[in-house]
Amino acid sequence: MNKASTHITQNEALIFERSQTGRKGYMLPALDVDETPIDELLPAKFRRTDDLEGVPEVSEVDVVRHFTRISTWNYNIDLGMYPLGSCTMKYNSRLNERVARIKGFANLHPLASEEDSQGALQLLYELQQSLSEITGLAAISLQPAAGAHGEMTGIMLIRAFLDARDGVGEGDRPRRNVMLIPDSAHGTNPASAHLSGFTVKTVRSTPEGQTDLEALRELCAAGDVAGLMLTNPNTVGLFERSIKEICQIVHDAGGLVYMDGANMNALVGWARPGDMGVDVIHLNLHKTFSTPHGGGGPGSGPCCCTKELEPYLPVPRVVLEGDRYKLDFNYPKSIGRVKAFYGNFGMAVRALSYIETHGADGLREATEAAVLNARVIAHGLASDYDKPFEAAPMHEVVFTDKRQARKGVHTLDIAKRLIDYGFHPMTIYFPLIVQGAMLIEPTESVGRQEIQQFIEAMRAIAREALETPDLVTNAPHTTRIGRLDEAAAARKPVLRWKPEEKAAVA
Amino acid sequence: MLRSVGLNAPEELFDTIPADILLRDLLKTPDALSEPELIARFESIAAKNSAAHRPSFLGAGAYSHYQPTIVDSLISRSEFFTAYTPYQPEISQGTLQAIFEFQTLVCQLTGMDVANASMYDGSTSVAEAVLMAERVTRRRKVVVSGALHPEYLHVAETYVAHAGIDLVHAGFDEQTGTTNFDELGSLDEGTAAIVVQSPNFFGCVEDINALAERAHKVGALLVVCVTESISLGLLRAPGEAGADIVVAEGQSFGVPLSFGGPYLGLFATREKYARQLPGRLVGVAADKEGRRGFVLTLATREQHIRREKATSNICTNEGLIALMATIYLETMGRQGLQEVAMQCAQKAAYAARRITEIEGFSLPYSATPRFNEFVVRAPVAADGLLRRLASERNITGGLALSRYFPERTNDILICVTETNPRTEIDALAAGLAELTK
Amino acid sequence: MNKASTHITQNEALIFERSQTGRKGYMLPALDVDETPIDELLPAKFRRTDDLEGVPEVSEVDVVRHFTRISTWNYNIDLGMYPLGSCTMKYNSRLNERVARIKGFANLHPLASEEDSQGALQLLYELQQSLSEITGLAAISLQPAAGAHGEMTGIMLIRAFLDARDGVGEGDRPRRNVMLIPDSAHGTNPASAHLSGFTVKTVRSTPEGQTDLEALRELCAAGDVAGLMLTNPNTVGLFERSIKEICQIVHDAGGLVYMDGANMNALVGWARPGDMGVDVIHLNLHKTFSTPHGGGGPGSGPCCCTKELEPYLPVPRVVLEGDRYKLDFNYPKSIGRVKAFYGNFGMAVRALSYIETHGADGLREATEAAVLNARVIAHGLASDYDKPFEAAPMHEVVFTDKRQARKGVHTLDIAKRLIDYGFHPMTIYFPLIVQGAMLIEPTESVGRQEIQQFIEAMRAIAREALETPDLVTNAPHTTRIGRLDEAAAARKPVLRWKPEEKAAVA
Amino acid sequence: MLRSVGLNAPEELFDTIPADILLRDLLKTPDALSEPELIARFESIAAKNSAAHRPSFLGAGAYSHYQPTIVDSLISRSEFFTAYTPYQPEISQGTLQAIFEFQTLVCQLTGMDVANASMYDGSTSVAEAVLMAERVTRRRKVVVSGALHPEYLHVAETYVAHAGIDLVHAGFDEQTGTTNFDELGSLDEGTAAIVVQSPNFFGCVEDINALAERAHKVGALLVVCVTESISLGLLRAPGEAGADIVVAEGQSFGVPLSFGGPYLGLFATREKYARQLPGRLVGVAADKEGRRGFVLTLATREQHIRREKATSNICTNEGLIALMATIYLETMGRQGLQEVAMQCAQKAAYAARRITEIEGFSLPYSATPRFNEFVVRAPVAADGLLRRLASERNITGGLALSRYFPERTNDILICVTETNPRTEIDALAAGLAELTK
């Protein structure tokens, strides 16, 4: 391995490479019971024989330095704007982190009796109430662990509802096995639909970035449509103006409408899916409700639905009976259970804290700021970048690399060059329907000044693309390592460290 | 700022939303609370969770273990907890290297070749393992042990309801508390996999070697599920014993109980099935100068590329929880993981001894090897006994099995870990004895 | 101002420059009492008139980003070795931080009644006991807030004791007004002695780096010596082999011996000042006992003394009577009080946690590791750098730039170049008696591997000094800013931001 | 490693220590505790501090204020809390810029020109101010208000005991609770400074303008001390009112009570005295390319250069606490500091009203302007009354002035801040009323 620099923090090895026989980073209280002889405790054939060889042996300082060093190789929200479109990288309040760590929450076992966990149940119940008010949908399950999980749950609700309505018995072939999904949808949508046994058919978008109503009507005419999965605002950041008509078309065809709520940050306090005709939606608490993304998770993807769909929600449900909160398992039509216990409770604590520290007007103002910030970027970059859609964007705006591509500078290059200016890149090459897409979502967590800095950086890159394109295509220049050869990595994947491969890996 | 984009009022920002669906009034969510008010309110809510403040012998899929202080302190660096999925490797190497270490640790502990970057939890990992077994074998029958955690079973059933997979339940042997081998008779050339948990829901260690043999004989895979991952510090690695897919709940690795989540699904398999894995994978890569780095790899398995043909719909996983586990495992290290496992087993053995000494109490599966959980049969109904233990002795005495098996009225599942000092175990035994006198 | 780079995190402005009228980063509960009219509350002439102009107006995210960004401009112990000689930059355990934040400690008012603060008093008492055992000295005051403060306290004890012994009344000229201090001493020593009205006389060191006994005897002969302030191991990292004789000489001359305990990290568990003949010593809890340095403080400088000096310690003292801990004010000979309340209690919590998590053998092992690490460095660098003293060093070792200076590369350059290798520089130009001193203290918190990396870095620099001296004299090359013109800064000091100077400063 | 330096046993590392002082046995300090044991032990010790868990009206130099959550979270970044004094500016710019902002904020709040990087606390700052006044004026008499915090006075006396400075005590006016002007008669051309606290120990606001005039008339400096720094959000800045040196206890700026420390000494003065300041100073500097940076400056005042001729012996100061205050001040900001000050004053006014309504209670200095502290004269001995309030009402009712002034048996110093909700104030008033009925 070549060294990125001489700087020790830039060359932190894998922990396995730092391990030294006999080093310890922990201390346990001494065993305080009479020891049972080992063979009596567990016959040899059931015991490990490898003495955990390869598992690292390091001191506490080693661990602290290891993770502190590699942490500095990450960008993060606290360093600056993280304008990933569709991901809603907003500020993760420290207060939410603090309250999630209160012992009464953190130390509570999920199988404690109802009596002994009234606080946790209350919290879940109150979050359900707030989310119901925010979405305009009657019933909520907090069980799904992420957006895709919420999608799967919601699609299963639709399947269960339709089968019941259409009198499809167990083992019968369902009558409606088509799920319509726009070509602009996130990959989880078709994947989730597939998990529930649906065949996916694609709905075209219009050149204006809206669902093509004609195409939708045609598809619906076939009579096998179970529903439509729609993101709104859609993945190019535009509100689906005909949302009510869309819902009507699908409903008239006997289907239901699922809304991917990933973009709820454009709507909270201003419009509610329930008022648009939507039947079921998932939320991403890790987007709209500010729970931290954690480098990939955990998330929480509450599934919210109408009264009609409620009987099919996963069990147990959290309900209030008199002044006692209860776990209600008695929903015979329920699709079942999508996760052990009750969902990612810790994220629920944070989300409720977010909702309650904002208050109704704070939520509305946050949405307003998020949309305004995107609008400022849309204005600020229009002179330098191709903006494929005319309409005013909501909380995120899509541009393309069309103009820069003439000079051989592509979206990927622009994204990497942004790193040199201190910003995380935007979402790139998504949605797939926009060639060379750059989807920019500033969120409300950026001040005027920083929005301007971002616009200036993007403009500077546009100039560089003209004047010094190599500077852009070879970016980033300020990181520890350059662009990595991902194709080679996938061809001969090395997915774990091994002692014998030490030399090869290094 | 509004002016700069040619608008006069905030409402105009929402002009593209049809007027009839625009909200006129404020939401009826609670009024804004200041920090001190919010903290006071949440603390008072949390105080109602009386079980959080009491010695406890609850396990059954969620375990109390000591969390070294540095775990929370390191994951609290904003560099880790506020970052997104590492799609831009140049500025995500911290996350990527940590995941690579996580994958390696999971392989080492389970005895497998490859592991992914995490699943939602243990229960969904079982469901995904069932789906994967179907992909690998193109067979549609999966035999599931009756000693699998009932909630895990429920999740698997829900996941596969529309996947055309036939989940067959194998019972368990009332004598040994382990999966009933005879009922595995349904095993045949159409079987994709056997799914077994070990230590199983009743705390009994299954004979993985024997099960693997049975499965492999008909060309089926053996899926092993572990809910108490600390057991991997003492028990033979499932991979070594012949498992083809190992899934586990990683909560034991320094993750708070947090009323059931966020937890951590571990998912590992053999090299040859790597491309059938659900979820993200991190691999080694090099830049132009040959410097080592890490990237998300084999992405063509995933939904954002393969859409409905993906190996799973999972996108967001449990990244930060995987980081917690990684820090935990590296801090405890080779010695610590063995020591903590040994303490759990020793303390559980002590507790079992103490409880069997009490008149009227027995261990139905006393002859079967176990780790740190065991079923106790009480002379009275478990429910009432546990309620009295809580209210009169301030001890959460374990889980009444009637929660999942209504007919097992007198059975209690007890879990003991290194966090239960002997005094607590003695108090439990004393409580059980005195309340049944 | 020129930009350090285009990277936003590298150019974070002063918070005052980021302020925007009307922005808020806080929210308070609404006032819940009837308002008193403002003029009734406080007449106008006593009220502020400037509406706090200039105080920043920023959001919570602004504050978080501001400090997160500038934090990345700091080196820190968790990034790597911080080998500042004399400063003992050891690992600051997170456990200590955690326990210091326990509400029962953090929320306790210093004027709470004794009855209501038994826990805090117990903790102080137990720390006193442990420190007494560690130093071999009978009595402790935890009141001093730092090392220099402890020195001042200790010197005042000496003065008070001598005045009492020699029958010097209030207002009289003390008979003994000379404090002897080696030429190698830290600057706080003479400054603290001066504060207590002593005249400082310097004791020579021998070429071997030991106190010159002859010089000491001569100075003592004058009869006006109140005492000697000695650091042991001394500031060149050597144990004062003749410590017992030194104490004897001073005692024979009627003086007392003060030991600067800054270097106790070389002794804990292996030797005790009390056993050497020392009368009074201060400890630095922020060095030896691992409480964090915090970018300059807080510290804690317990003053430990013999039974004879005890009556003079500051009040109140923490004592145990039966099973009650008490604050005892009844020490009529006490020098008084050196700080309101009882010292830096929070540091005491951390230090006791350090002592109790190590245990007696852990303390001894830590000392051993600290000394061994220094020894490894002494060996590892001897071939490349001038080592002015032969003797085996204790926990720190001094080198000089003698060899490199021939090529025009000086200590300062070597220190700055170390930064490029990822290490914090060692202490430089201290002690003053060693020309071009580089005082290296690794502490016990570094593993073998990192010690080797450090040695390699130092050797690489030695080679660079020969081959590419400019590379070294222009270092550092990897930091946000280069060497700053400190002389110019002192000539026309700008010590605060001012709105009208915005342009000038920037 | 030992071998690599030519040794065989650890003992050889200590060969340079004469054998007769080498310890043979282990120290008799406690045995090592593991993390969970240590935490359990410290939590049980902390639990004995009953005052920490109870509504309180204690002030007198240490104040309960709300600390925004981000303060602790930001200072917990190892970049800040584990760093040393910023002697190497190239890798300490984070600390240096923060101190520069701190110095600026202290100047803005106190209305002064320059401020240092912190002192140990308020009490030692007063002592250092006395020493500085002597350096500036080369006069040896300092007149100290009798309404200065008694512990501060004690510290100043101790500090100057051997400095040849004559501390003269001015009494205070029993009618107004403020410094007795007439006793300032001792003011003359030999006077270096007047030292006065405002709001003073009894909560009364002093007339700084008038005192400054008196001091300046004889060429003396006016040193103003503030213990409740939140008052600066409402009260006229001492600098504006004529102070020459302003010292303060900064604990109110988001710093935990922590049984008296670590706290934060603020120290500010006029431009012309900058070179007489004790402690560290950070100033602006530029590198070769003209980039702005910050450095420790005017170091020739300090002990490591000037040794016994330094302006002070201070070296380690309260860096991290200054950072806490800086984050607090920037988070609260221009509006927040005024709002929190106003809330304190309003709540104290309300409390004073409620208490004066109680039969037998009076406010001896009711006519004097105050901020958030005031003296209450009870109809019974304060000591016993407060003890009963604590044990029977679970309220820490304030400070019995007899702690410092044995003759003031019935006086209680009460402090009210934004952290005392009205319900607590009402409960205090009810308690006082009912326990004296």
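Going in written order, the chains are labelled A, B, C and D, and every chain counts its residues from 1.
Methods note: a contact is a pair of C-beta atoms (placed from the backbone, for glycine too) under 8 Å apart; a residue touches a chain by one contact, two chains touch by 3 or more.
Nothing here was measured: the structure is a model prediction, and the numbers come from that model.
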Centroid comparison with chain B (C-alpha atoms), farthest chain: D
With contacts counted as defined, which of the two, A-D or A-B, has more C-beta pairs across the interface? A-B
Mean-CA-position distance for chain C and chain A (Å): 47
For the pair chain A and chain B, the C-alpha centroid-to-centroid distance in angstrom is 20
Mind checking the centre-to-centre distance between chain B and chain D? Centres are C-alpha means, answer in whole Å. 50
Can you pull out the residues of chain A that are in contact with at least two other chains? 23, 26-29, 60, 64, 68, 72, 76, 78-79, 93-95, 97-98, 357, 448
Residues of chain D whose C-beta touches two or more other chains: 32, 34-36, 66, 68-70, 73, 76-78
With touch defined as at the start, can you tell me which chain B residues reach chain C in the complex? 32, 34-37, 69-70, 73, 78
Please output the residues of chain B touching chain D within their complex, sorted ascending. 35-36, 66, 68-69, 73, 76-77, 419
Chain D partner contacts - residues on chain A that touch it in the complex: 26-29, 64, 68, 93-95, 97-98
For chain A, which residues are in contact with chain C within the complex? 5-11, 18, 20, 23, 27, 59-62, 64-65, 68-69, 72, 76, 78-80, 91, 93-94, 357, 420-423, 445-450, 453, 457, 460, 478
